[in-house]
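Each of the next two complexes has chain A plus one more chain, namely chain B in the first and chain C in the second.
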Partner chain A sequence: MKNSLHISLNQKINAFLLIVIVNACQIGVGIHGFQRVVYQDAKQDAWIAVILSFIYAHFVAFIMIKTLKMFQDQDLYGIHQMIFGKYFGNFLNSLYVLYCSFAFVSIIINYKEVINTWVFPHLASSFLYISLLIIVIYTFTGGFRIIIGISTINFLFTLAIPIILLVPLKYANINSLLPILDNDMINLLKGVYSMTFTIAGFELINFIYPNVKEKSKVGKYVHIGLLTTLFVYLTTMLIALTYFNGEQLNKLIWATLSMLSMIKLPFFERIEILIICGWMIIILPNLCIYLWAAYRGVIRIKSISPNKFVWSFSIVIFILTLFINTRSQIEMVNNIFSKIAFIIVFIYPFILFIFALIKKLFTKRKVQNDETI
Partner chain B sequence: MKSMKKNLKKKLAGIKDKQPNQQNQENQEDLPIYPNKNDFIKSVKDKTHSPADLIIRYVSPTITIVYIDNLVDVQSLNELVLNGLKDKESITPSEIHSILPIPEINLSIKLNKSINEMLIGAALIHIVGQPEVVIAKISSYQSRGLAAPENESQVIGAQIAFNENINTNLSLIRRYITNPNLCNEKFTLGRHTQTTVSMLYIHGIAAETHVNTVRQRISDLNIADLIDSAVLAELIEDNSFSIFPQMLLTERPDRFSDGLLSGKVGIVVNGSSMAILCPYTFFEFFQSKEDQNLRWPIATFVRLLRFVAVFLSIFLTPIYVASLTFHYEVIPQPLLVPLSESRAKVPFPPIIEALFLELIIELLREAGLRLPTKVGQTIGIVGGIVLGTAAVQAGITSNILIIIIALCALASFTTPNYTMGNVIRVLRFPTIVLAGFWGYYGIMLAFCILLIHLLKQSSLGAPYTAPYYPPRFKDWPDSIIRLPLLLIKRKSVNTRGGNSEHPINEQNGGKKV
Partner chain C sequence: MKQFKLIVSLLLSIVLVIGCADPKILERVGIVTLIGYDAGEEDKVTVTSVVRQVNPDYQSTVNTHTETEATGEKTRLKVNLESSKKIVAGQMRVVLFGEDIAKEGLDEMLHALIMNSEISTSIYVAVVEDSAQTLIEGQYKNVTDIGQHIYGIIEHNIEQQNAVSSTLHEVVRDFYSPLRDPLIPIVKKNGENIEISGTALFHKGAMVGEFPIEDTLYLMMVRGKFRHGTLELELPSEGLSAKDDLETIPISIDSIKSYRQMKLVDPAVPEFDLKVIVQCRLLEIHSSISTADRTIVEKLEKGINKILESEISRIVNKSIELHSDHFGFGEKYRADTRNAKLTEEEWHEIYKNLKVNVKVQSTIVRDGVFE
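Take a look at the complex of A and B:
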């Protein structure tokens, strides 16, 4: 069993970089229009749904890190193999690889949709996919450190979003938030559930964990990272809720972008066009980290060189994405993905944790038995 | 990848290897010193193909002096060597060795070594009956005097530059750094040129790994000739395929010494007025030595200005092209009127217009550079004004684009390092093309590729984008800003030694993922 993962020191990163990694993984295309999805269920309490979803995310992250700490220096793939044995473990691993690829596809088609709607209505989607994939390949071949480097730059960009959104704030109507909690709990929880597609991404710490130098600080920085993402999402949500009338929000697919389009500079209008193109740098680490996580899974099953992997992966993704064209198809993919993401990100860690506990107990007893004998 | 590049480099060096012809190989076989006077002279003449400037002087019936005209110092030859050997009839080489008042004097029994020494300015003293020759090193170097730096001029600070003589340069550096730990390792590179190369570093400050890497890379070189330090820098760089320079070429001894003191490794090449400093990060290329001499708020302002200039220089023209080609809606209405007025007569799409003007600017720059100084300036001004005005009046470009292009050109010249300034200027062209085809999306593609490329680079294995990635907060006070000197740690973290916390790319071979 190829369980031990050899990571050389120059592939390791400082724990505080987890802040930017968690942030980079979580903020992607979702932030363009998550307000509508949450608003549909939770109405004016959507911001509470955001907070609740993050509280849940913190809890999940806590469980994940607990599980990871049980197995020294292992990523999720290794843990699968250790708990479930080679065959079933590899089966779960391939499911996870598929999930990562699915996330990759979902991000890339959503971005393409935004570009086609806002910037270039007739730009061929194949060109967009090829250009994005080429950049992803270029980053990926640079290695893990380059991917994290891009995340670091992306962190600055994401932190700029709330600052830019301060401009629409002058038209905000705080009364739109009232009455607070005028909604039944079920709808609020539905809103929380709708947030999952948006805030999925932090599950990738499962794979980055072995590459972190100071393991004891992982928890602290992951939680800080989650808090910074919460800050970005919460401000975006609050500003959207107060800027738009409730019913307007129901009809806007990309509420954040619509808000941006009112910003005017003396020499520049329609700033959202620039920002959408600049969004490339925000989805790039997203794509690369998912790709990297998928690669980690694949080499557990079959050893393959990173170059070969990334090229074949890109070709497959490119062919797949060509079948998804219309808005309704994209919506369908998003719906399926949010369901899968909910199960994998928000439920599965608990199941795994229980299995890990049982496994630990079992091995401990075995060791004790061995000792008594 | 790295190892592949290494191999490629070796291959390239190998191609040069094949140059030496048979004659050179003939020269390789070593001959002894002939005790007989005539045999000795004949062997020297054979080896050197009896050049016209080979001088043979018979001091006495037994003593012969052979040297190359103009390579030896005539004064010391007359006063020290000839006077010292005046009345000596029978004398042994070791006696000469002890009586001649010359600082560097050697004995040799090998003909090849003696001739090599003669070719760099030694006089060979041969005594009949002795299979040994005395090598008196009384060489004189022709070099220009020390002058103010021309390419890296600054207002406040030392006004002295390296010249082409390695000894002068080394003495300049030694005058700045009086420290017994200043190490100087000498190499001789190039089979035809025998160029002296000195590697300098301060033991205890420079990282051991960097010193070893440089030493290894220089001694691995197998080249036929080496004329300038820029060539050496390219040969020992991490990635010769990148457009970005990874080692600094400086003509300022104060900047060089400053680099050594902050833990970098320096290389001085004989015959070149530019010295190499490495490892260097991307951001350090935009720092000037003068920044340390200015008040810190001003230095910070100037540094930030330079980075804004770099950004403008690369992206302003592309943004103009993209906005006018695809994104009319981003231009506010008041600005749209003058823009459309100035572009009303222009028959070309913005990309052609922009490329055309950029080309003119580059032509003016290149012409101004190649012409003699006085003519160059005139051509620059006259060409700029005449061409610019005429182009607008003829209606092939718009006024506003001329302003933008001039701004970009100006901005690209604020980069303190000439090599880096060139890179910034060239990067604009692919960005304009991408912007002309795909608007802001194309610009963003260019930006991303640039960013990833920078992240991928390394200088002597140290990260190129430090101190921002990997983040090294201790270095931030002296990066794109400069805080008061009290807050700046002298030793750059990028060049720290020993058990480095961030051994990024330290092993060149390691495959990452």
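Take a look at the complex of A and C:
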């Protein structure tokens, strides 16, 4: 059993790049329309739900990093094998690989839906999938550092979103935010739960951790990364809440894109068309990092070359996506993904942490026993 | 290397093919710039559209098409059948509603417009006095593109705050709000001209009344921040003028800056305090009055306050009578009362008994260069 990872120095990255990576993993297709989902439960306090969900995410990230630090230079797959043994560990690993593939599918179908609704209503979805997958293959075969490089471009792009959204502020109505905290706590927590689909992504630090040069700084930069995402989500949420009326927000599928359709430039009338097409750059690192994480899991179980893996993976994904066509099916996939992601991202790290603690305790005792003998 | 070649060739073919995804070549499409809705017989709508066709050789042509069908999309099909080019709606600028259909309710049309991703939410909405079809099909001097002409009229007047702002987004937002009603300007055909003639009031998506164009200024003052606008007022002359032969003094003021404060005083009635703060500039006044005198200026301000207060009260009361809450009293009420859980019906019930105390505080900031 090959347990430790050997990562050459040229595959390692500086810790500060984690800001970019966390941001790239989190911001994807969710930001297009998360306002509606959160609003349905939390009403005018939806922005508080966003903040609460991020407080929880910070806590989860803290636990994740604690667990990772117990096992030097291991990613989550290695930790699984060390704690649960070869067979059960591999079983958990394959579940995680499936989760990553599921995330990949859900991102790709949501993006396709946006393109088909806003830009090209008649474009065949298989054509879109093929072009997306080919770009993903191209990036993935470039290696880990290329993926991180693309995340950096994506980072600049996402930070521009709040600036662009300053234009719709002209129509904002601050009364829509009042009265603050006029809802049941349960509804607010439901709103926090609805954030899962949007906020998921930072769990990928579990796999990027071994590739980071300065391990001691990981925590700091992951938290900064989460804060930048919070900033982007909070501004889009606040602007949407004031720009739209509540009832209207309830019916809007992609509130962020609808806000953009208000902006008119003298030389470009429908800026949202340009932004939707450019969004490919935002989802590309998202897709690639999930794919890369899945690959890390697969090589633990069966050694396979990256090229072979990425081609066969893409073909399987392509066939899978052909079965998902209508809006209601996509909604269903999103709901299932939200549920699974909630367990995997927000609950499982705690369970793993407890197991890791127990394991640590036993090995310590064993070492002591060995020494006494 | 082999894989690299494969990927590059695939990407290249993608680039070459994606150009043909959904082409809309300017010379081969008819661009709808304006759409007018009227009520047709048997629950159908009559849609009049202005289609501009760009021609590389000649001047571009503008045609109007009128069709009556149950849904907007079906009329589009019919227009397509008549037209030599494919009809696209992405460049639409203005939507007009005939008075009859506005009185029936705009629910379905607004819903269809906002559902369509092809249509931007920054287009303008207006109501037409009489029917939209006669306005669009009318002959006007020196107007070649009626769509662009109406868009120009509406756009610059909204920019200058001569008319209430009615982008599709604002109309739909107020329309879907259970506690607020939209306000849409009215355009009218006046002989060989088109003009903005007033503002339409709505209740639950149906037009219930209108304000004449002279009231727009007061409407804008109550709706929020206001920058432009000239007012002619007639003040009683008592104590102002040295000459006694004048009964009233006509003055002209220009609002520089105005904003409003809305306060819920008593949620039980409910009672609102509406305070409008106006900073204005004196443009015209009778020559016998010296504005150098501080007491005279104060008297003028008081006179202005009184007139503005009565005018604004009149407008607010008319809106309450017509059950149209376009100033956003309902939103303010919801925002200021906790655990209200106000429904649409409840608010309309409460709104009938609304009491509003209007107070205007005007300041003459400056006058001309000659006292």
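Note that in this section the second predicted complex is superposed on the first by the 373 of 373 C-alpha atoms of A that agree within 3 Å, B and C clash if a C-alpha of one lies under 4 Å from a C-alpha of the other, contacts with A are read in each partner's own complex, and residues count from 1 in each chain.
In this text, contacts are C-beta pairs under 8 Å (C-beta built on N, C-alpha and C of every residue); 3 or more make two chains touch, one makes a residue touch a chain.
Being a predicted model, the structure only gives us computed values, none of them experimental.
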Chain B versus chain C as contact partner of A:Asn335, first or second or both or neither: neither
Which superposed partner A:Pro179 touches (first chain B, second chain C, both, neither): second
Touched chain A residues, chain B compared with chain C: B
Which of chain B and chain C A:Leu123 touches, first, second, both or neither: both
Touching partner for A:Gln368 - first (chain B), second (chain C), both, neither: neither
First (chain B), second (chain C), both or neither touched by A:Phe267: first
Which of chain B and chain C A:Ile150 touches, first, second, both or neither: first
Which of chain B and chain C A:Ile135 touches, first, second, both or neither: both
Which of chain B and chain C A:Tyr171 touches, first, second, both or neither: second
Chain B versus chain C as contact partner of A:Gln248, first or second or both or neither: second
Intersection of the chain A residues that touch chain B with those that touch chain C: 120, 123, 131, 135, 138, 141, 264, 269-270
Complex interface listing, chain C residues touching chain A: 3, 7, 10-11, 14, 17-18, 21-22, 90-91, 117, 120-122, 167, 169-170, 172-174, 176-178, 180, 328, 331-332, 334-339
Residue numbers on chain A that touch chain C, as the complex places them: 117-118, 120-123, 127, 130-131, 134-135, 137-138, 141, 171, 173, 175-179, 182, 244-248, 251, 258, 261-264, 269-270, 307
Chain A residues within the chain B interface of the complex: 8-11, 13-14, 17, 115, 119-120, 123, 128, 131, 135, 138-146, 148-150, 152-153, 264-271, 273-274, 277-278, 280-281, 284, 292, 295, 306
List of chain B residues in touch with chain A within their complex: 1, 326-327, 329-332, 335, 438-441, 443-445, 447-449, 451-452, 455-456, 465, 468-471, 502-507, 510-513
